[in-house]
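One chain, subunit A, appears in both complexes that follow, with subunit B as partner in the first and subunit C in the second.
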Partner chain A sequence: MSGGTLKKNLPGLLQASLNPWLVRIKDHPERLAFILHRVTGVIIILYLMAHVYVTNTPTRAGWEAWTQVMAQFGNNIWNKIGEWIIAGCVIFHGLNGIRLLLVEFFGIGVGRPVHPKPPYRPVSLYAGQRLMLLIVFGLAVIGWVWAGLIIFG
Partner chain B sequence: MIKMSKASNIQVWQYITAILLIFFLGFHLAERIPQITGLTYHQSLDAENVYHNYSSYGWALWFLAAIALFHGLNGLRGIFLEWRQGKTYTLTVNALFWIVYLALLGIATWTVISLPALG
Partner chain C sequence: MSLVEGGIPTPPEKVIFKIKRFDPEKQEFYWKEYEIETFRGMTVLDALLKIKEEQDSSLAFRYSCRMGVCGSCGMVINGMPRLACQTQVGAIATEGNPVVTVEPLYNYPPIRDLFTDFTSFFEKHKSVKPYLIRKDPQETETGDAEFAMTPEEYEDIYQFSLCISCGVCYAACPVAAMDPLYLGPQALAYAWRYVSDVRDEGYEERLKIIDTEHGCHRCHFAASCSAVCPKVVDPAMAIQKLRSTLYKKKLGAWKKKTSKKVGPYHYEGPSRAKKVPQLTEALLPGVDLEAKIKEPVNIDIELK
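Let's look at the complex of A and B:
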């Protein structure tokens, strides 16, 4: 893609891929799940890079430094809020990832192919994968609340 | 020369690492759940407990780092390769993927191998 084409398409790309609030999600929760999967994935990999560095603290600076770092995390409300957001990202990304594995990798819940008939609703909108999607959203909310109780408790 | 990776290869590796992550990351997260460990979240991060985790199954934590970093950075690579196309761009993204992956895996390996004994 040339630079000009990229510039021209960038607003649409951002709207379609990165900003869940600009996308019409009514009747399209799959689209919301796709976007959230990407957004949470990017947040998680950024966290993971920091996590790998922080968990190196005992090796780099000794166990006393580790205890200090953990005390800082445990006593700062903003760090706890950050951990809770990361936990929410991991829970949603993990649950939706399991759904994607079942649907895309193992072909579970995709339904049987059918002849197109009016009103031409694709199987994906009413077969098992729609139910799985709703279960993912439900469990993610429950899991996030539970993670909050653990982190702030 | 760095080989051009096919989009389908990237996706297959995402699936394989995702299946492994369900078990390894699931176990790692379970270590922080009070109802399972009997420790509060913050107690589970105490030096004694973390040292115990590393000395009991450091290899599993290293393997978890290896697959989680691969899965995350490979996903990021997929997003970047969808964004733009081109041979130089693809090779650059692929090279950066391996450089960042090996650097972070090096830090994780250092953590597990050279972890000092507790006080």
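Let's look at the complex of A and C:
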């Protein structure tokens, strides 16, 4: 993307990737799910890179360094909070990923074309995928709390 | 959706309009405020016209039909992309917060004030070949009957054919914001409208255009296009259907839905052209038709 194009697209980029509430649409959790999916994806990628870096400590600095690093991580409260955030990201990203696979690859849960009638609600917003999304949100919250109990308990 | 369920309340007597304007000479945006008196049933487009008439004639915006048919007046009103002519001031401005913000549509290059450049939008629209393609192009010219469809087949395409090309879906789409080459909800909905049409035979080439990095595979189902569409076209559904169709087609599990009744050459029912007999005899008894034709026309007109 060239500089000019980037400048022209910047409001859209900000709106799309940073602030999900810039476009204010009522009763529209799909967009929140889209933003969360993207943000959690980025967090997971960053975590995986750090994870690979840390787990190859033995090859870089030997097994003694590895034990040292592990001992450091075990008792750190910030590390636990970080782990909890990663757990939440993975749970949501995974569950929402299943929903997106069903919707996008198999076309499940988007309904059938209908003759629009008042109050003019688009079918795909109240068909099966909306129920799936609510289940995903519910399960993600439950899973996150559970992960917290395991990590901090 | 720009329609509001139930009654729409009367707007506050005075409403402040905050308008994001674009200066083409300086190439920058600036905000300007206008306070106007409202009336019951006033739309945002009415308000903009009133501002243009009474306060600032330099305000530029696009509009035409004033009744949600032409799709010219798409704007971002109070943070949501919608048609100005279908948005009641009373539905968005309240006594506690009598402010309406109006911005040009996102994801389009601005030209001036609320004007945005739709060139690429219509280029994308054209690129998906939004018309019926028949293997025999002469068929539409020389056929002696209509292309027949059953009501069920018609219902499959009707919803998507309602699109008025207002471009509101592009403004709401987060993917269109990031990828300027993305075909976008409007073009893809049109593509699905013709792919699912039983009369169409050009689906092979149409699917080839769509099956790209910037085609339907770019969509990530934020479904904002459907949520803002003023005509309930539901482009999100169309894109998911296109995509699953493509996968099924690649696995060999998809067959184009065709109608047995399609095409004037294959149509064997009663033809309207044959049904109406040619007039060969006089309808009134005792009148010679040929002599009547040769007779000069005589109409009594008194010229004063």
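Everything that follows uses one rule, which is that the second predicted complex is superposed on the first by the 132 of 153 C-alpha atoms of A that agree within 3 Å, B and C clash if a C-alpha of one lies under 4 Å from a C-alpha of the other, contacts with A are read in each partner's own complex, and residues count from 1 in each chain.
Note that a residue touches a chain if its C-beta (ideal position, glycine included) is under 8 Å from a C-beta of that chain, and two chains touch if they have at least 3 such contacts.
Keep in mind it's a predicted model, so treat the numbers as computed, not measured.
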| item | value |
| --- | --- |
| First (subunit B), second (subunit C), both or neither touched by A:105 | both |
| Partner contacting more residues of subunit A (subunit B vs subunit C) | C |
| Partner chain in contact with A:153 - subunit B first, subunit C second, else both or neither | first |
| Partner chain in contact with A:119 - subunit B first, subunit C second, else both or neither | second |
| Set of subunit A residues, in rising order, touched by both subunit B and subunit C | 13, 38, 100, 104-105 |
| Partner subunit C, residues of subunit A touching it in the complex | 5, 8-9, 11-13, 15-17, 22-25, 27-28, 30-31, 33-35, 37-38, 100, 103-107, 110-111, 113-116, 118-125, 129 |
| Of all residues in subunit C, those that touch subunit A in their complex | 1, 3, 5, 78-81, 106-107, 109, 155-160, 162, 172, 174-178, 180, 219-224, 226-229, 231-234, 236-237, 240-241, 243-245, 247 |
| Interface residues, subunit B side, partner subunit A - complex | 15, 18-19, 21-22, 25, 29, 32-34, 40-42, 45-47, 50-51, 65, 68-69, 72-73, 75-76, 79, 83-86, 104, 107-108, 110-111, 114-116, 118-119 |
| Parts of subunit A lying in touch with subunit B, wherever the complex brings them together | 1, 6, 13, 38, 41-42, 44-45, 48-49, 52-53, 55-56, 58-59, 62-63, 66-67, 70, 73-74, 90, 94, 97-98, 100-101, 104-105, 150-151, 153 |
